[in-house]
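Report on one structure; see the data block that follows.
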Amino acid sequence: MGKREGIAFGFLVLLSGVAGLKEPRLFQPQSIESVLLWMPLITVVAMGQLLVILTGGIDLSIGSILGFSGIGVGLVLKANPHLPLPIVFLAGLAIGLALGAFNAAVIVWGKISPLIVTIGTLAAFRGLTFILSKGDQIDSSMIPDSLTVLAHSGITIAHVTLSWLLILALTIALITFATLGFTTFGRNVFALGSNADAARLRGISSGSVQFAVYAICGALAGLAGVMYASRFGFVNPGSAGSSFELTVIAAVAIGGTKLTGGSGSVLGVLLGCLLLSCINVFLSLLGIDANYQMLTYGLVILIAILTDAAARRGKA
Amino acid sequence: GKGSTETASSPEASGSPAATGEKVKVVFIPKNTGNPYFTQVAKGFESSAASLGIDFNTQAPATGDATSQLEVIKNQVQGGANVIVISANSPDALNEALDQAKEKGVEVITVDSDLTGNESHRDAAVLPTDFSKIGPAQLELLAKTMNYEGEFAILSATTDAPNQNAWIEGMKTAMKNPTYAKMKLVEIVYGDDEPQKSSTEAEGLLTKHPNLRGILSPTSVGLAATAQVLENSGLYPGGPKATGRPGIVLTGLSTPNQMKKAVAKGVVASFQLWDPADMGTIAAYLGAKKMKVKPGDTFEIPGKGKFTVGEKNVIYAGSLLTFDKTNIDKYDF
Amino acid sequence: MKDRPIVPAVLLVIGTILASRLSPHFLDIHYLLDTSTLYAETGLMALAMTFVIISGNIDLSVGSNLVLTACLSAKLLAAGWGIPSVVVAACLMGTCFGAINGWLVAKLKLPSFLVTLGTMAIYRGIAQAMLGPASVKLPKAFTGLDQLLWFKIPVPFLIFLFATLVTGLILHRTVFGRWVFSIGTSERASTYSGLPVDRTKIIVFALSGLMCGIGALLIDSRLGVARHDLARGIELDVITVVVVGGAAITGGKGSTLGTVLALFLVMLVRTAMGVANVKAEYQLTVIGGLLILAVLAGNLGQLFNRRSAARR
Amino acid sequence: MTKGLRAAGITISFGGIDVVAGVDIKLRSGEIHALVGENGAGKSSLAKAIAGVYRPRLGSLELNGVGVKFRNPREALDAGVALIHQEPITFPDLSVAENIFAGHHLRCGPFVRWSATLARSRELLESLGVALDPASPVAGLSVAARQQVELASALSHDATVWIFDETTAPLTPKEVAELFTVMRRLRDQGCALLIVTHHLQEVFAIADRITVLRDGKKVAEKTVAESNEDEIVRLMVGRELSLERHEAREAGEELLVTRGLCGPGFRDIDLTVRCGEIVGLAGLVGAGRTELARALFGITRPTAGRMLLEGQEVQVASPRTALRLGISLVPEDRLHEGLLLPQSIAVNSTLAYLARLCNGGWLHQKNIHAETNKYAARFRLACRNTDQAVSELSGGNQQKVVLAKWLMTQPKLLILDEPTRGVDVGAKSEVHRIIRELAQEGMAVLMISSDLPEVLHLSDRIAVMREGRIVAQLNGAEATEEQIMFAATGQQGAALG
């Protein structure tokens, strides 16, 4: 664990401590499960976003990809309610991969800034989601129990259930960790983000690295679409994944990732996701007045950033 | 549609389209696109559009933000709409825009969501049913399943949703009735009509109130999310975790399609709503005739019945339907 | 500075021709001018965002700043303040909220994305905490500025044009503007050149805040009410406009003219589709696709040029 | 069939202008070939064309008698052609070891072999005599250190053709000597080497053959044996250069005085610079000279000690304060600290002086261009016009822009950190002349340079730093290279390789 991760972790412990003083039930298995239920979606998408941000790019379209995949998979399930689960997940992954590959193609071959491309597809994919769904939502009756059950059953340790979704998310985090730390592809991701010119001169194909990260990011957002259906039991073409991009980028950034690329860690991002999950669950558990929740949320995020900055200064 | 012969003969009818024999252009502006509830409202329009001889069109903003409808209103006025039927995203942010439309001779009717407190900015309102009755009816539905005793909580949409707040007020008033003396409203939480937030709030309720017996969610996203949370926790009556205790009952407002599974599983015994299409039918009629209504007026829609214009030009479309295992499969919306 | 925003200009012309074919109601100058009032706030904030983005930063809090200032101004008016003093107060408040962002970014060396992500929630959060579900009505004397015409041009549009002129001159014709470009190109080299880097950043964010303040007055006047949930998501519109106008999100590149043309382009596309009854879902798809195409068109020329020259 | 690399008729154009026109060059195995020429002559461009960075418009390459075409640097490396760039191009966020192996990681399937990477890096760095920890990050290393990391990276390839583009420029004699050992070893192993440099004594110390470029054309190819420095200089610049001798000047008032100044990288600095005096600051790479200069200019804060300017105690809190006090610094790292690469020459050269050049805050284009043109002419800047982007200039010409920027501010104290790194002989003598003129007019100059002849040639006084301290102060007229190197290394007999 690096210094920055340590700080993020410390902040998290402090936050939980303070909140726990006010509401001891925070440490009940139920509350912990609530936090853990918040995690999977954001974690999976954040891993993709981490890859993208490490290369110095950004993907704002993930929320719309999530929605599109959720609807797409929902329609598939509506037609074939008995589809085996692995195929359902693969379908989500494939839909996401296709949309991500579209982003990638435009960014790499069109040489357009990722921000512009994904602002564009943020709107376009959402529009396509509406068109695909014909404006109807995927209701709970179209989503089989075998899928929804994954959100609340899993491995139980000390009365706390780690849902299958969480386990899937953590597995993906682990794979990302291994990929980034130990494969040449992962190292090329860092190299590209650290200095794109140098990467080119060293013979790293920035095009294929970029293509891969946006495609993977899309695929993971697509997977998250299936997880969304599993977690909430319905998918609305308008609200599924909407504004998710800011939450995810916040998690990645709070986890100490440099937004200009080249530096960041999976552990840090996991902590960022955990921090956001905690804030959201605590807001509800502490019974903070609904009208004060946004203010509190903003303040906590700002304090987290300031803590990180103060700690970095202390080091320097 | 030059050949249209059906023209409004009502004395209140006005405006050029009728005079020139052109079809009345009616546009419906829902809160946002992709919302199944408003799809159903639009069906009401569509089913009567042909017989009324109106040129009907739905134009939704992409998001349900307070100001997202402004642009749609301006564009529709420019596009020659004669009647704007709108489910307002905000009770007052549209005031100025609607006034400008009215100045240009456009009739403004609100459906489902009125401009509460700003009624002068529209000509008429078509509301699902008498709002003062929804709160008590919901409470009664919940109370019955709770055996009129125990703690319950409300999961609403946003803090500033006028309809929600009106209904919750109605419930609070009804709570004074001695029938509900043994019931206690422990908390009102807001899920912002987001699945994520609604789920977290519902989970929070279960944790914070170990003696909770009931949850009431008069919003479809909230009800669906809470149903999923209850199902997962197994705390619903007869659920795996509810052994030796009565379980937590859940009810609220939602469309039948969204709740079919939860009802089948017994997570939700019963819930309520009206048929949103009724509002569409009535608004289409009012629009087609370009009626300038005033309180006390009555009119009859063939096949629908007689309607009376109430205070502040409000027209109630119908009555509350209660859905449960026995009847839910008869509905498809 | 050298690269002129040709692409938005060309698209604007093509778009206008197409739009007038799409709907007979579109090409109506009064209507277009009237519609422009809906975009006045976006436009003002985009003018300042051009500075912010050229300086290598981003301001996500503009929408929240706008709303908070709008609510506070409405409160002041309701409390009986006179209109002139509220106008001054709104400008000051907006500037101040912007300067807070700038101070955090410049003095504490925090990434602007994170800072303004935080203040985005905080500013709107304050508005919500202050007003709750209620809305503040504005006095009649204050409303309807968007309907006020001066030589048939709505006042908000005039304000926007005036702001364009002023900010354009500052950005492209003054030493300060040059500093903004320099800092965005290389903050380190600018520091070594003795430029007032921190002060410039704070001013840039304060300017962004000032535009939010002016925008707040416009939106108050236009809607007649102030609530905490207005102008949600407007920051993305603002950033889109600036980026389509040719500003590089990495800093050092962009122009006022580009931003203005891009604003007109976005306005044109939305309005044209709206008046032609294109459904929201198709509108979204088309707008998203057009955005990409617009930039792609600009790049095609470059790609072509590059091919013919020696490759780096 | 000859072993080695042959480039024939290489022509490279930018925007329709041929910056290299029909150059033939032959790099033979077991031979060190020097490429010399003025700034902007096209040396780096030619080197890049050979190594697959640029694709030449015309011309062909032949490696060991077989025709080759490199579409990118990767293909060149795979074929055994390695280029060490003029400006070190590194990944600041990555470790030294990873910088060495980025792009060609030691791997096992898709996985990186980390321990092998670290071990190999350590070996490579040791073979270069560099004491850098392979696990440490590259961010924060000096230009010289980064240059050595890049060198190590190149050496990690099994290349047979090596191109060193001004690799010695930021290095002090000790490091240069080590580098020469490496070059000789490569040559003896049968590699073909091309070195680009502006130091002709280096050429004559190590090269076997010399090619001279002028304005993109090859003007001569000579063996070292049949030529001499004067001839090469004449061929390069196309005119006679008068190398003025050092003349003693009368030093004026004390301008800068430091007493016990400490800070990151330096300690107990007692230094005095008088008006009209040029003080040279010598030392090895990493001696802390740059750090001292930064502190004097207000980039970093001294932790202890006093600094007096014209007798007044001053706190230099920022470069801005420094500028107001009349202190200017020509920084060492021109790419990151000196220039706004995508911006024009005019923008860059007037950046520090802009506020004074344009009164009232309005840009005064006429003044800006007049001032820029003045300096462009004075430095013989090779450019299309002053609106050309600095990124398109050759390394030496970029350095001239940086110099122009700081001379415009007319400081009282001018601190120069490697002012002539990458500057050709002609321009260098021009820069020297200007520095001397400025001193004559009463400016105090503190010059950091790793180029000992330059230090000896210009300085009235020479301070030598070692491990953050000033270990010797020598009289400029009497000092010798041996004395300086002795003080800098603390051991006898260290000298040029």
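The chains carry the letters A, B, C and D, assigned in the order they are written, with residues numbered from 1 in each.
FYI, contacts are C-beta pairs under 8 Å (C-beta built on N, C-alpha and C of every residue); 3 or more make two chains touch, one makes a residue touch a chain.
These figures come from a predicted structure and were not determined experimentally.
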>> Quick check: more C-beta contact pairs at A-C or at C-D?
In response: A-C
> Taking each chain's centre as the mean position of its Cα atoms, how many Å separate chain A from chain C?
Replying inline: 29
> In angstrom, rounded to a whole number, how far apart do the mean CA points of chain B and chain D lie?
Replying inline: 74
> If you average the CA atoms of chain A and of chain D, how many Å lie between those two points?
Replying inline: 45
> Where does chain D touch two or more other chains at once, residue-wise?
Replying inline: 53
> In chain C, which residues are in touch with two or more of the other chains?
Replying inline: 132-133, 233, 280-281, 283-284
> Residues of chain A touching 2+ other chains?
Replying inline: 126-127, 129-130, 135, 291
>> Run through the chains and report each pair that touches.
In response: A-B, A-C, A-D, B-C, C-D
> Quick one: in the complex, what on chain A touches chain D?
Replying inline: 182-188, 190-191, 193-195, 197-205, 258, 262-263
> What part of chain D is in contact with chain A in the complex they form?
Replying inline: 53, 72-75, 77, 85, 89-94, 98, 102-105, 107, 110-112, 114, 153
> What part of chain C is in contact with chain A in the complex they form?
Replying inline: 60, 108-111, 113-115, 117-126, 128-129, 132-133, 233, 236, 239-240, 243-244, 248-250, 280-292, 295-296, 299, 302-303
> Which part of chain B faces chain C closely enough to touch in the complex?
Replying inline: 33-34, 57-63, 65-67, 70-72, 74-76, 78-80, 90-93, 95-96, 100, 158-161, 165
>> If we count contacts the way the header does, which residues on chain C are in touch with chain B in the complex?
In response: 23, 25-26, 28, 31, 34-35, 38, 132-135, 137, 143-144, 146-147, 222-225, 227-233, 270-271, 274-277, 279-281, 283-284
